[in-house]
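Next come two complexes, and both contain subunit A; in the first it sits with subunit B, in the second with subunit C.
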Partner chain A sequence: MATAAPAVRRQVTTMSAKRRQEALAGLSFMVPALIIFLIFLIIPIGAAVYISFTDWNGISPVFEEGAYNYIGTANYSDLLRGYHVDGDRVVAASIRQRDFFIALKNTFYYVIGVVPVQTTLALLLAVIVNQRWLKAKGFFRTAFYFPSITSSVVISLIFMFMFTRGGLVNQALASVVPGYGSGNYVNWLDDPRGVLHLIFGQFGLTRESAGAWAGQRVLGLTGWEWISGPSVTLLTIMMLNIWTTIGTMMVIFLAALQDIPGHVYEAAEIDGANAFQIFRRITVPLLRPTIFFVVTLGLIGTFQVFDQVYVISSGGPAKTTLTVAYMVYQNGFDRSAMGLASATAIVLFVIIFVFTILQRVVVRERAAV
Partner chain B sequence: MRKVHFLTLAALLALVVSGAGAAFARQTTSLVLMGWSSSPEENNALNRQVEAFMEAYPDIEVEVNLVPDYDTTIQAAFASGDPPDVFYVDSSKLPDWAEAGVLDVGTEKIEDPDGFYQSLVEVFTYNGEFYCPPKDFSTMTLQYNKDMFDAAGLDYPTADWTWDDLRAAAEALTGTNDQGQTVLGLVTPPNFERWLPFLYQAGGSVLNEDWTEVTLDSDEAREALEFYVGLVRDGFAGPPSAVDAGWGGEAFGEGRVAMAMEGNWVITFLLNGYPDLNWGVTELPAHPSGGEATMAFTVCYGVAADSDNQDAAWTLANYLTSEEGARMVAEEGFGVMPPRVALADAWLAARGEEFKPFIDVAEVAHKWQFPVGFGDVIDTFNAGLQLAFEGQALPEDVIFETAAAAEEVLSR
Partner chain C sequence: MATAIQSQGVVTAARRRSVGRLALATLGWTVLIAFALIEILPFAFTVANSFKCLPAVQSYPRALIPVPPFGVSCVSEEGAPLPARAVSTPTTFNPTLQGYEEIFDAKLPRWFANTTFFAVVITVLRLVFDSMAGYALARIRFPGNRLLFYSILGTMMVPPVVLLIPRFIILKHLAMLNTYQGLIVPLAVDAFGIFLMKQFFESVPGEIEEAAMVDGASRFTMFLRVVLPMATPALTALAIFSFQGTWNDFLMPLIILSGKSDLWTLPLGLSFLRGAYGETLRWHAFLAGSVLTTLPLALIFFYFQRYFVEGISYSGLKG
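Presenting the complex of A and B:
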């Protein structure tokens, strides 16, 4: 024991010297990535935070004297107040506030519609293409993944062809659904009516019959406006997004599915579990971390939806596809208000952050149960 | 090995020195001209203009840079403090860019300003300063499908038409075609700029002369919007999407509408895309009281306030818009019209006499330009108009809300 101790110590010192060297080498390998990370991520984020407290128009040379003024939190209050008080008078929301809450409403419907559907469908597809009995697996996996690797702009343009009023989708529907013809075609790309409003209308609930709450303003919009649901056009963009993102999520699920050891399934089968029980009790619990990952990716991606809106609708018709991310672009480049655009982006970041944390907590609690 | 290195280095050095020497000897100034691309033909004409310029001014070298997504690109170039020397300025962008101080003032530097259409000079005059020489312009007119008018037994529209004639013709021309598709009398895009001529014809306005007061909330405005929306609600007109088209020109070309209100851009679009279409052009109809108006859309050549070679940049901008320089484009007879009165004949000769209405209406054309931040107002109107087309909003409410939005933007 006594003789062995120094030898061990010596070994430790050489290890630590070696380790230091390794650390140095490791660091030097990381430096290029770190520099890129700093220049293209950390500095821009810092700049966005800084600009959000100014009235910079986004045009004047930013490093020149007098290009912008520091205006405190004015941009944030421009966005967030549902009302503002002028003396003792309550003034209704300004355009910017209304637009922000419209964008928020649209974005929420978008997220609530897209994330659960794309996660469920992706899981379903992954389970299907993971089946041993399935033939031409490679073909199906490629086919389902293909939309994800195609440019979203190109896909949006193709969707526009398919969904125009006289396009393929309506023609296909007309040949299947009785009573659906060119006279009552749905105008997929240019219909501002809310889907929930349309459904309520079927049950006789309209703005007029809804009662006083419908006219009540909450955060700049009336109660009736809040419950509109996505417009028909936003619904089209939602379908497009679900279709394009399913592939990526399917691949992630597939990788996780193949990580589940076969003997677990075998044991379940021997115990007499049927296919649904196996899926419910074995597959889903073992996939929990993956589900968390996919839902997080989905949340972040959907909250940031921009390119499809930019290509297909530019926020219209009647602002029903105006999303928060599109509003950032609009304020920065159409409205000469880069400070406001930065503030909008920061608010969007906070929203995504809060939702990711919330979702993490929920998944953890369910895992504990 | 080392010897080879030394030799390469020496060769490189020699190259650099000789290159620098050559550049020093020629004393050239380099300019960057940035714009967007409208069509290959127009790009070629611009390149020819620039080549002629470089021949006339051998000490100035011009690099033409036509970029996609122009507004975003140039805004980033402004913000970085390293903008192109000369660039396109759309009339609607002038207030933003002039306010931001990125445009050099041209009042003293623009040559022969009297030769331009005075309405165009006014468009590019902001706070009393003439900023940039106009490059070209387009006006809105009425296009009509001759075959459809013949089939309905109607006379072709003329410059004497009023709103009532337009409405009656639109009603008569609405129906279905051979394939059972709806055909509308008129295509009415849900855009502020398409409705504005009706407002101006009725004698209304959006803002007062010096942009300090909102004048939109008026009987004239309500009358104009009720007429425009009425055409749609009664089923004689509709937005392009109602007839499966992306924009008015396409709806007209496809034969799904009998009349459209488009600008000069529609000329080459229809001639190239729909060569068999039998169509004509006339002025927009007037208000029953006789009020005439249309819209003009125009672009100028701006010079950057931050340019290192402003003198050379102005030489280029002036050359491109001079009678000599602009003639090269006018004689190609593109859709857009030359900015100088003296070149109207050259354009007509190249383009054809039947397109004269586009030039005739220049006198009654209003500018497409509003104060900084007016996008909020235009969006408010467009959103309201779309709802009004669906019968979900009343024209008077749309006017009220748009006027309120304009008040808010002016008070910012």
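Presenting the complex of A and C:
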């Protein structure tokens, strides 16, 4: 009896020692990841927020006295309202506001144009590739996926090559479209005209004939500027983006489609559903989580479009390909306004976050109906 | 009588259905082939034009068929550039290595070596660190396990653009800008890789590890001898994704390595070369550079295709 008690206690201590040993092992497995995340991810996130409240230029050593001033929300105010209040003085910054809303407008047109098109096309292609009668599934999957493994810089160069004035695209169009010749080639890579403006023009609607609202300034831009649509050059970059990402998204959809058991379709066929009804009533509802995932990927990617703009157009012509991500780079590294650039980046982060959540809510509600 | 009509109705319905199916199949094939051409033709034109003389690229970009003589010189004996017609027709062209020679003179071999070095080192480090972290999160109980996992998952939400400036500042203060380690260390671990490995380790049964534990193996020995060998499929997928991502990365090298041309990667070198040329792009050289940048990944892709596809689908991100 007396001898049993210490034995039990020893066992208890070895148990807790073992647990401590486990905890130690677990943490030591995590150490490299934790250190790198802390220094290059967690601290930077905090730093980005802090810098956005300063006027730091990115050049003067940040830990030295007087390297920067804490200016509160002035950067955010400049971007969103076009002025900030310094003491009892109002400092105008209408160019900052204008640039920001131009970039925001371009980015929104980019996202709205790219995400639905790439998602729909990817889904369509995946559904066709998934058909039982289709041979050569592997070939098509490879062909569609191949562009996604290629560097964005290389893709941009290839598109520039194809879309130059006398390039392949214009030559191909000239051989198909009557009346389209070297005299009236579209200058894809250097055309600031808005696509919607061009379409309105076809119906006789111009800035002059549109009425007073067209000249009204809202958030730094006139009403007519807001409804420009993407410029021809931005449209070219949008096509590039769709062309590149269809493959990845198709593969994701295909994997999800192959998880839908065959008997679900068979049952529907026996019930007399046609191909379209099956797609509408069975495939799409079952794919809802995948659609959410693909759209989220698309939103995050398109809101941050940078590489293609950097290589192809550097924000031009006439700022029509200036995107928010490119503006962050330009302000921070070309114009030495790190504080303003950080504020722009934070605003972009908030926008992406809000859209992802919003999208989630929409998909959820649809699922509930 | 009634049954005859009825069966006739069934036959026509069946026929109508099979006609409809045929029409759908034809439509499906047409769409697929059209899109396959749209996705693949640009690459075909890129390869063909990379082997042309510059005037031929400008005049006859759509010539796809190489014909002898091969390896022509693009200049006449007097050193004047040959006109496009001398080395090309609208459909055929005489191949040359001019573009490749030019891009080689522009330091492409150096960029190629740098890119390979970065991609290999970063991939190896990620394989080690991501799998360690993923294993700990999946299998080992320690305080803060869940919290750490969700924090890591949360960092995937933060766009790289937000991290651009603070990362630049931190690297500047650590005197790591324009150094090899400046690009390698921040990328040596990635949240996606940890997530992938954790998902994988959770999907394999724990009995083998328990047996090894009973035999008195330490966590570390067990990880090396038992766990890692089982994880080959996940490690392959991670290696491929990470190699591809690092090889193609543009934003991080742009911020970290711009100042020193000896450290440039292929995407960085090509983009700066494009900037230096301005409007008059030397397309044959650019396209040669594009081919050489894409080739290694293309070979890896064709060899490991299965893993690309599996990796995408089983990163668990399906939903």
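Assorted remarks:
Everything below uses one rule, namely that the second predicted complex is superposed on the first by the 322 of 369 C-alpha atoms of A that agree within 3 Å, B and C clash if a C-alpha of one lies under 4 Å from a C-alpha of the other, contacts with A are read in each partner's own complex, and residues count from 1 in each chain.
Throughout what follows, contacts are C-beta pairs under 8 Å (C-beta built on N, C-alpha and C of every residue); 3 or more make two chains touch, one makes a residue touch a chain.
Since the structure is predicted, the reported quantities are computational estimates derived from the model, not experimental observations.
By the touch criterion defined above, A:316 reaches subunit B but does not reach subunit C. In the overlay built on the shared chain, the residue A:94 is in contact with subunit B alone; subunit C does not reach it. Of the two partner chains placed around the shared chain by superposition, subunit B and subunit C are both touched by A:166.
With both structures placed on the common chain, the touch criterion links A:266 to neither subunit B nor subunit C. Of the two partner chains placed by the overlay, only subunit C lies in contact with A:243; subunit B stays clear of it.
Judged by the touch definition given at the top, the superposed model places A:192 against subunit B, while subunit C stays out of reach. In the superposition on chain A, A:58 contacts both subunit B and subunit C. Annotation for subunit A, partner touching more residues between subunit B and subunit C: C. Residue overlap on subunit A between the subunit B contacts of one complex and the subunit C contacts of the other covers 58, 62-63, 160, 166-167, 333. Chain contact summary for the complex, subunit A toward subunit B: residues 57-64, 94-96, 99, 160, 164-167, 182-183, 187, 189-190, 192-193, 315-319, 330, 333-337.
Subunit B contributes residues 71-72, 75, 78-81, 96-97, 99-102, 180-182, 190, 239, 241-244, 246, 306, 372-373, 375-376, 379-380, 382-384, 386-387, 390, 392, 405, 408-409 to its touches with subunit A in the complex. Here subunit C touches subunit A in the complex through residues 20, 24-25, 28, 31-32, 35-36, 38-40, 42-43, 45-46, 49, 58, 61-62, 128-130, 132-133, 135-137, 140-143, 145, 148, 152, 155, 157-170, 173, 185-186, 188-189, 191, 194, 218-220, 223, 244, 247-248, 250-251, 254-255, 266-268, 270-271, 274, 281, 283, 286-287, 289-290, 293-294, 297-298, 301-302, 305, 308-309, 312-313, 317-319, going by the rule given at the top.
Interface residues of subunit A facing subunit C in the complex, by the touch rule stated above, are 19, 22-27, 29-30, 32-34, 36-37, 39-45, 47-48, 51, 58, 62-63, 121, 124-125, 128-129, 131, 133-134, 139-147, 149-154, 157-162, 166-168, 171-172, 243, 246-248, 251-252, 255-256, 259, 274-275, 289-290, 292-293, 300, 303-304, 306-307, 310-311, 325, 328-329, 332-333, 338, 341-342, 345-346, 348-349, 352-353, 356.
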